[in-house]
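Dumping the structure here so I can ask a few things about it.
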Amino acid sequence: MKPQRIRSLRVLRRLLPDMGQMPRASLDARTLYALATLLLLVQIPHLLHLPAWVSLSAATLVGLRLMLLRKPDVRWLTPLLSPISLTLMATASAVFIKLDFGYFIGRDPSVAFLYILVAAKFAEIRRPSDATLLLCLAAFLLLTQYFYSQTILAALITLPAVLALAYALAILRDPANPARTPEQLKLAGVLLLQGLPLAALLFAVFPRLPGPLWSLPEDAMARTGLSDSMSPGSIGQLSQSDEVAFRVEFDGPVPSPDQRYWRGPVLSEFDGRHWSASPLRLETTPSFRGNPDSIVDYTVMLQPHQQRWLFALDAAVSLPRSFDAAADGTGNPAAGGQTENGSNPNAARRQSRVIGRLMSDGQMISGKPVSQVLRYRQSSVLLDSIRPARRPSDETLFLPGRNTRTIAFANELRQSLDSDLAYAQAILDHFHREPFHYTLRPQLLGDTPVDEFLFDTRAGFCEHYAAAFVVLMRGAGIPARVVTGYLGGEMNRDYMIVRQSDAHAWTEAFIEGTWRRFDPTGAVAPSRVEQGLAAALPGESFVPRLSRRQAGWIRDAQLRWDALNHGWQRLVVDFDNDSQDKLWDRLGLATPALWQITVIVLLLAATWCAVVLGLPGMGRSKPPPIERLWQRLCRVLGTHRLARAANESTSEYRARACARWPGQATRLEGLFRDFDSLRFQPLEVDRQLARLRGVRRELRRLEWALLLQSR
Amino acid sequence: MTIFSSKFRQRIFRHRAEDLLPHVVTHQRVYIVPTRRGAAFLLSLLLMLVAAINYSLSLGYALCFLLTGLFAATLLHTYRNLAGLQLIGIHCSDGFAGDSMAVTLRLANPAAQVRHGIRISTEDGITTTVRIKAGQDEVANLALPVSTRGVHWLGRLTLQSDWPLGLWTSWSYLHAPVKALVYPMPERNPPPLPATQQQCSGPGAQPDRQGDVAGLRHYVAGDSIGSIAWKSAARGQGLQVRLFDTDSGPSQTELSLQHTGMRHPEEQLSRLCAWVLSAERSGTDYSLQLPGEHCTAGHGHEQRLRALRALALHGNAT
Amino acid sequence: MNQPASAAADGHALADVTTIDNITTTLPAVLQQLEEVLMGKREQTTMALACLLARGHLLIEDVPGVGKTTLAHALGATLGLAWTRVQFTSDLLPADVVGVTIFDSGNHAFQFKPGPVFTAILLADEINRAPPRAQSALLEAMEERQVTVDGVSHALDDDFFVIATQNPMDQLGAFPLPESQLDRFLVGIEIGYPDTATERALLERGDQRTEIAALEPLLDVRQLQRWRSQCAQVYISPPIFDYIQALLQATRQSSTGLSPRAGLSLVRLCRAFAFLHNRSHVLPEDVRDVFPALAGHRLTGHVSSGQMRARELLEQVVMP
């Protein structure tokens, strides 16, 4: 038993030859420069989001290592770059990162730590295996930049880094290779280009597994966007971001700016300072009785915000449905044809499905957090009032006893007026008449923010006005709530961009059986509603650039760039299972099952191999048929323990075979004679073919005869 | 069953020398696995894919697949670097034990691409690397140290390559029936050739000392006691042997195991080998008498080969 | 070795070629007669005949007394060709080989007095004893089939065929042929001692030199030339050419490989050999059998060690 095992071990070792990586004492300059170039290219995209000290210390480490390479006799460098001191440095940087970010287990600190780790690894690199580890870490670091940006620019900046990675691998394989750098770069480029078709194929068909595989670290969710609570200043902060919240494509005419209220979280609960959504909400079905011509149909491409709500124009009259070709209003002929004749068995399955619910407060909720770009169809009717199925709950009236001055003011004002509607209008008039001020930078408010805002500071952003209005309404006994969402949106060619800077808060009050929309901000700064944030805040430098109104060609160029990015976003970044389905659809195919996809990938990969290897057969020419038959004869006799000896002539072999199987002697004689004449004699083509057939037949008979004899 | 397994083993490990020239490294004979670096690369690709899935990073997928494409393209290049390579000549030159034998391989590259970094190694781990230009031949030389005399089979060679990026290693075994003769190790300071035939007719016979003493040299085991210069030994100069100025010109000597005066067979052969070489140098005709083998007197290239061959194969079945 | 000219075992061997006349009867007779003279040396006589048919020259490396002269004599007598013997010595001059121009006082003109090369079969005995100048005079005559003396070229016999012998041992005062010159010999063989039975028969029969003179010529010069032209038409199939090429390439590892000229010679010799075996096409075993004789002296400069090496090579190259 034991020798057996030892032998099998030896067999295993012989099967795998040593992998050709000779341990070398130290890496040479060429390898180090190649690795340093790779690090540089990998680290550049991270400069935008990393704390300056992280980038600086990493750069210093790389620089020191290169300096040691240049001047090996600098005495203080060697101990500084020893594994011990570098381990200490890495530990210290982990502590600093914890101090800087406030936490360590999370996406951003991890990236920062990895960033420093890569530089430290480079600083202490000794052996080729270190370089291997470094390359793998660098590749991963290259990926992490997509946490922060997936724009065209981010993609483009990756390409030279990938090239440098391949180049570093080529150098690392054989640093003594005399091939010059351009040659090696060309090789790396050729390899990448040859791999590109396979990469594209995988990208197109690899199934996109939905959502996170495990719960993401907290900071990964902290996307800019609305949250389900509101406190003074929260939306103002949001408005300083240029980031795109979602894009919209309208089937018909685009609604006018003052109608672009994109409804988001509805906040009914109030604790005196914070507004939050009510936990007690019921699901409802959208209904609309009226002129169907007034319905606006559109497609929303929602950026992932890791929350569950969806956005729709006020007021939604349909449930959000998944986007697909059949429902594509732009009129894809292929898709249209399919739905018409219904011959496609897939058509039924491809019916758009409902992806969200409508809640009683008018908010739309999707089944799970939006973690990738979500594209859905939506219909709305542009109304500023909603008639609910039931009376509003008590919480829309609830006021904590803090903002006493406001409540007193509300009671006083309500008493002087005869209707709720007039009261609401009077408040709006109040905002308009009194010296209220619209600003992104209000003063900080204390414990009774509404009181302070209404009577003291009188300067605030939309959430201040909305909060004050709702408190005033509730103070007068009228149910009211805050609605957050986006107001506005900018047309760029055929689609609309809604940015975070369009974030807005407005209010709804329950008057005469309907929820009516009141936008107190419009009373203070009408231009916010009409023209957007920048128009309302002409002097404020906090307004993000893309929201400003002026700046002709720069703005134009930026919009073009956004159009390009939008295309990139739709084609590449938002590529998901739906896009894959659509792709199959384009090809006129039903979406294949997983095994079918696997087969297709394998077939295409085989084609790719053949093309890259260069058809046909890489100079390997098949022997002529007669030679293959001769080899077959030798093989057949060989399996019956009469292998042809080296240097045995055909006649000698024949003699042995005849002696071995005297019963088959005639057949063997004839076969061997035919083989000799076919292989070594000049023959006319037709005779050749006839004999070839004969040989084939005889050979088959011989095979059977020998097989029967051996039984 | 045993036939099958033996065939299977031969197919995979080529433990029998069955590869005849011209040998083409066909696709069935090329094995390819990731190197350690390749495995690490693959692992990091997997991690990247997991990260891309987890964070729904479309560009992450793209980067991961781009590197996968690179990895796959490297596989093809590594494979192509070896597949289709031809061995059109192989030669193993005879040598002396303790020395090395020169192995020469002529490899041809019929393809239109250069073949880079083809590592050829023997089972003893002797390695050389060649680069073969497109459509050309290249000669690879290996110096194989040999320690024991006799027939030395070259054994199995491994052709290996991890070009271009060192992510994959491809290899192919090559076992050609190539052998070389290894002659005994010539003794380093051999005593002079035994004198001509009649002077050495019997063991212990006193050598004829007609010539003048030409000089002294250090004693070597097997020297005749009679030729020791006792005077110089008495002077404390150690054992030395007198050298005689024998007649110049062609003479004939007979070499046999008995004349070596050694016990151990290998040492005897070693001394005979040294004698053959020194006889060739001095142009002396010699005959070689071994049990079961007799080389008639003569000298020259053929005689030398014949004698050395007899010494190399002495006592061996082959 | 399969039997040469064995009554056409494969019935098609000759049926395919109608141009070969009377070969079925003459050829076996020729070989038979040669073998009777040089007992038990059929392989060597066949090779010598093949060499002659392929218009090459023969190098015999062996010790004296094994029958070199007998072979030359028997060949000449059987084929009806004149033969001369030159013993090469260390004082041999080129003129002794090719001839001299002398002044004929009677005609008052220079007259060329032909040397021993002006014959059909020349036996150059112990060629390595002659100084290089004499050697190269002969070798040039062999290559060009003409000699130039004092600026005048004299053509040699069209069937000029040299059998040179050399002693395998290097001796003092010997001038071994340089390897480049060895290429001029198409075939190098050893004759070797006869086996026991043959030797017994030989001893009992006694010296047969006198009988050789009485041998009947079985062939005339015209017929020999027809045979030669028929040799050139023997068919070689592509697999055989592959085999020949692989062999040539396999030789090119050690210091002296076979030159392309040697390759052409091999093809010629294979054809002649196949012809002698009464075939109109070359078989792989023809190549295998002639290869050591062709390659031996070219590979190492010595026939015996070279043939050993050539046989090793044959074992390394795949045979079709």
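Residue numbering begins at 1 within each chain, and the chains themselves are lettered A, B and C in the order written.
Here is the rule we go by: contacts are C-beta pairs under 8 Å (C-beta built on N, C-alpha and C of every residue); 3 or more make two chains touch, one makes a residue touch a chain.
In this text, all values refer to a predicted model and were calculated from it rather than measured experimentally.
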Inset, instruction - Classify the chain contact graph as line, ring, star, complete or other. - result: complete
Inset, instruction - Return the chain pair with more inter-chain C-beta contacts, choosing between A-C and B-C. - result: B-C
Legend entry - Distance between the centres, which are taken as Cα means, of subunit B and subunit A, whole angstrom: 60
Inset, instruction - Give, as an integer number of Å, the spacing between the C-alpha centres of subunit C and subunit A. - result: 83
Legend entry - Mean-CA-position distance for subunit C and subunit B (Å): 37
Legend entry - Shared interface positions of subunit B, touching two or more other chains: 20, 177
Inset, instruction - Please list all residues of subunit A that touch 2 or more other chains. - result: 646
Legend entry - Where subunit C touches two or more other chains, by residue: 315, 318-319
Inset, instruction - Would you mind writing out the residues of subunit A in touch with subunit C in their complex? - result: 627, 646-652, 673, 676-677, 679-682
Inset, instruction - Please give the residue numbers of subunit B that touch subunit C in the complex, ascending. - result: 20-22, 88-91, 93, 104-106, 139, 176-179, 250, 283, 298-303, 305
Inset, instruction - Could you pull out which subunit C residues touch subunit A in their complex? - result: 2, 10, 12, 16, 235, 237, 239-240, 280-285, 288, 314-315, 318-320
Legend entry - Touch list for subunit C against partner subunit B, complex: 168-172, 246, 249-254, 300-302, 304-305, 312, 315-319
Inset, instruction - Quick one: which bits of subunit B touch subunit A in the complex? Just the residue numbers, please. - result: 3, 12-13, 20, 24, 26-27, 31, 33, 35-37, 40-41, 43-45, 47-48, 50-74, 76-77, 79-80, 83-84, 110-112, 116-117, 119, 121, 158, 160, 162-167, 169, 171, 177
